[in-house]
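Sharing a structure here in structure tokens format.
A, B, C, D, E and F are the chain letters, set down in written order, and residue numbers restart from 1 in every chain.
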Amino acid sequence: MSSRLDDFRAYRTRMNERIGEIDHLGIKRFFGLDSGAYRDQALDGKTKELLGLVASTVLRCNDCIDYHLEQCVNAGWTDEELFDALNVALVVGGSIVIPHLRHAVETIDLIRAETMASARPDEI
Amino acid sequence: MSSRLDDFRAYRTRMNERIGEIDHLGIKRFFGLDSGAYRDQALDGKTKELLGLVASTVLRCNDCIDYHLEQCVNAGWTDEELFDALNVALVVGGSIVIPHLRHAVETIDLIRAETMASARPDEI
Amino acid sequence: MSSRLDDFRAYRTRMNERIGEIDHLGIKRFFGLDSGAYRDQALDGKTKELLGLVASTVLRCNDCIDYHLEQCVNAGWTDEELFDALNVALVVGGSIVIPHLRHAVETIDLIRAETMASARPDEI
Amino acid sequence: MSSRLDDFRAYRTRMNERIGEIDHLGIKRFFGLDSGAYRDQALDGKTKELLGLVASTVLRCNDCIDYHLEQCVNAGWTDEELFDALNVALVVGGSIVIPHLRHAVETIDLIRAETMASARPDEI
Amino acid sequence: MSSRLDDFRAYRTRMNERIGEIDHLGIKRFFGLDSGAYRDQALDGKTKELLGLVASTVLRCNDCIDYHLEQCVNAGWTDEELFDALNVALVVGGSIVIPHLRHAVETIDLIRAETMASARPDEI
Amino acid sequence: MSSRLDDFRAYRTRMNERIGEIDHLGIKRFFGLDSGAYRDQALDGKTKELLGLVASTVLRCNDCIDYHLEQCVNAGWTDEELFDALNVALVVGGSIVIPHLRHAVETIDLIRAETMASARPDEI
């Protein structure tokens, strides 16, 4: 059911490994900075993942939206809270954001379906 | 000292009133939607102002940054929390965001200076 | 032949319904504002659909381009007029718009092929 | 009163002449293509100036907005029609467009004030 | 193995031909200007292809990235030089560029695999 | 004569120092990464400054354009080479880049005037 997410995860992992092999110091440090930006500091990581989601949405990057949605769900944000954050992105970014809103809502549904499936494997 | 902020506020108020006079139903409703997006709902307004700040920063709009910084300060975010949010915007948006980071930090300093001045008028 | 358009329409309808179920007041109102913006007012709806097409093209959103092209064709714009509008978008937005110009021209051809097929079903 | 527009026009003219002196074939041809895009072809020039205005607004370029507003006023668009076009830009581009909407409305008022002044010089 | 690139090339050729058939003078001239911009002038074409690659990457257009990567490889840039240029794009454009960095690195690998295959057909 | 550049340099220095005082580890590392990206590696620094200029121009950031133009002039690029690079940015980014082209050409003239003045102080 969630093959779109699985494909993205596999591709992301494979290409991140390939980028690691390139061994460009600047690129490697950028990836480190990127991970570090979402750790608990003055703001907790949970809040910063939501910031990352909204930034990704107004900049209209589906891969970035999917990545941050996974992190947001893992951090404990509920669907209602995610929709409310996406509404801020919609108002700031305008109707040009709507196709990415569709994508984001579909991704949330896919992640929840996975969680439900893995939580109750006997029911599948 | 904070004349840049005062000028922006006066211009913003004057032009928003002028836009109100135009009396275009769609534009008026958009302004209503915009205000509504930052009210307490599934997420509290304080969190959503921070989302608005980061969205404005990655989209590189100084007027929007100034507006949301005022709202963020009023909502109670500390300087350290604002800098941490701006760091997320910097990493997501890249070095092209740096001029807006400079602007944002200057705005935070101007707002704090105003607050300090109005809190202790006898010291000015 | 036009399965790309059919897929887009089905996905768009399905996800818009799903977004409706979310029942977020701000998001629902935004969708209403969006529809309302293209109705006859000071400008007629036909002209505003062309504005929507050019805005979508310079902002480089294929789904938005497809949506507005359908509306533009329904509103009665000819191919030559659509190409002339796309040329404005190309000059304003630069060569980065070219992949979206390719997409737009293909979409116009798909829509015209559908119209021809439905107008003369005996010939299919 | 309209010194902002006068300054922009003078700067624009001076720098366009300077760019002409550079005598770069590609740049010169681009400027020719740009002018040509708004001439009467399949669409009339008046309609295409409105397309240029909306494209400039969603891409958030104040100088481009001012230039196209002058052309739109010269082409005969009324204030109500311009506001209706700007509303499309606002809905497509989101609240990040609002500072540019303020700028555009101020520019329309400045242009109308100039026209009124030059039309009835005895009343000034 | 490199079907993604082959599909892109076939689609690009087919649609460019279709756009040529439209016979819009402005669009045709724009395509001419675009090709001309990468010819040897004050800067050599090789350097300008690298500029085109970085511009395409910070503007986040995968089709444009693929096109310029082919031109860059043909012009003689090595993988290490391309990665170093992509790092500039990453730092300027931020983490939102990362999905396009993945795409670009995959494209470089696909192009190199093609070259290797065509250079040593007996080994395939 | 070049007060615009002097003001920018003073503001940039002052605010970069202020940002340094904030002492946010992520922000400090980002500034380090940014400087590092333009050092000689697989590509020489001179080439990478030109990449930075074109990236800044298509992303339409005047402060970034001014910064990279200074670096480009220091690295030895001639006016004709800079104009040729800016033409690539113009074609990729479209007419929306024109106001930034004006700004860039004015900045080049200001930098050259400074250099001439400091090289022949007796003639001023």
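By definition in this document, a residue touches a chain if its C-beta (ideal position, glycine included) is under 8 Å from a C-beta of that chain, and two chains touch if they have at least 3 such contacts.
Note that the coordinates shown come from a computational prediction; the quantities given were computed from them, not determined experimentally.
**Student:** Using the touch definition from the top, list the chains contacting both chain D and chain F.
**Tutor:** A, B, C, E
**Student:** Starting at chain B, how many touch steps does it take at minimum to reach chain E?
**Tutor:** 1
**Student:** More than half of D-F's contact pairs recur, by residue number, in one of A-F, B-D or B-E. Which one?
**Tutor:** When the contact pairs of D-F are compared with those in A-F, B-D or B-E, B-D matches.
**Student:** When C-E is set beside D-E, which has more C-beta pairs in contact?
**Tutor:** C-E
**Student:** Taking CA centroids for every chain, report which one is farthest away from chain F.
**Tutor:** Farthest chain from chain F, going by C-alpha centroids: C.
**Student:** Which chain has its C-alpha centroid farthest away from the centroid of chain D?
**Tutor:** The chain farthest from chain D, judged by C-alpha centres, is A.
**Student:** How many Å are there between the centre of chain A and the centre of chain D, using C-alpha atoms for each centre?
**Tutor:** Chain centroid spacing, chain A to chain D, equals 39 Å.
**Student:** Approximately how many whole Å separate the CA-defined centres of chain B and chain F?
**Tutor:** So the centre of chain B lies 28 Å away from the centre of chain F.
**Student:** In angstrom, rounded to a whole number, how far apart do the mean CA points of chain B and chain C lie?
**Tutor:** The mean C-alpha positions of chain B and chain C differ by 34 Å.
**Student:** Measure off the straight-line distance from the CA centroid of chain C to the CA centroid of chain D, and report it in whole Å.
**Tutor:** Here chain C and chain D have centroids separated by 26 Å.
**Student:** Where does chain F touch two or more other chains at once, residue-wise?
**Tutor:** Residues 26, 30, 33-34, 37, 41, 55-56, 58-59, 64, 83-84, 87, 90-93, 95-96 of chain F touch two or more partner chains.
**Student:** Could you please specify the touching residues of chain B with respect to chain C in the complex?
**Tutor:** Per the stated touch rule, the residues are 25-26, 29-30, 33, 36-37, 41.
**Student:** How about chain F: which of its residues touch chain C in the complex?
**Tutor:** Chain F residues touching chain C: 58, 90-97.
**Student:** Per the contact definition, I'd like the list of chain D residues that touch chain C in the complex.
**Tutor:** Within the complex, chain D contacts chain C at residues 33-34, 37-38, 41-43, 47-48, 50-52, 54-56, 58-59, 64, 78, 80-81, 83-85, 87-89, 91-93.
**Student:** For chain C, which residues count as touching chain E in their complex?
**Tutor:** By the definition above, chain C touches chain E via 60, 79, 83-84, 86-87, 90-91, 95-96, 98-99, 101-102, 105-106, 109.
**Student:** Which residues, counting only chain B, touch chain D once they are in their complex?
**Tutor:** Going through chain B, the ones touching chain D are 11-12, 15-16, 18-19, 22, 24, 26-27, 30-31, 34, 55-56, 59, 61, 63-64.
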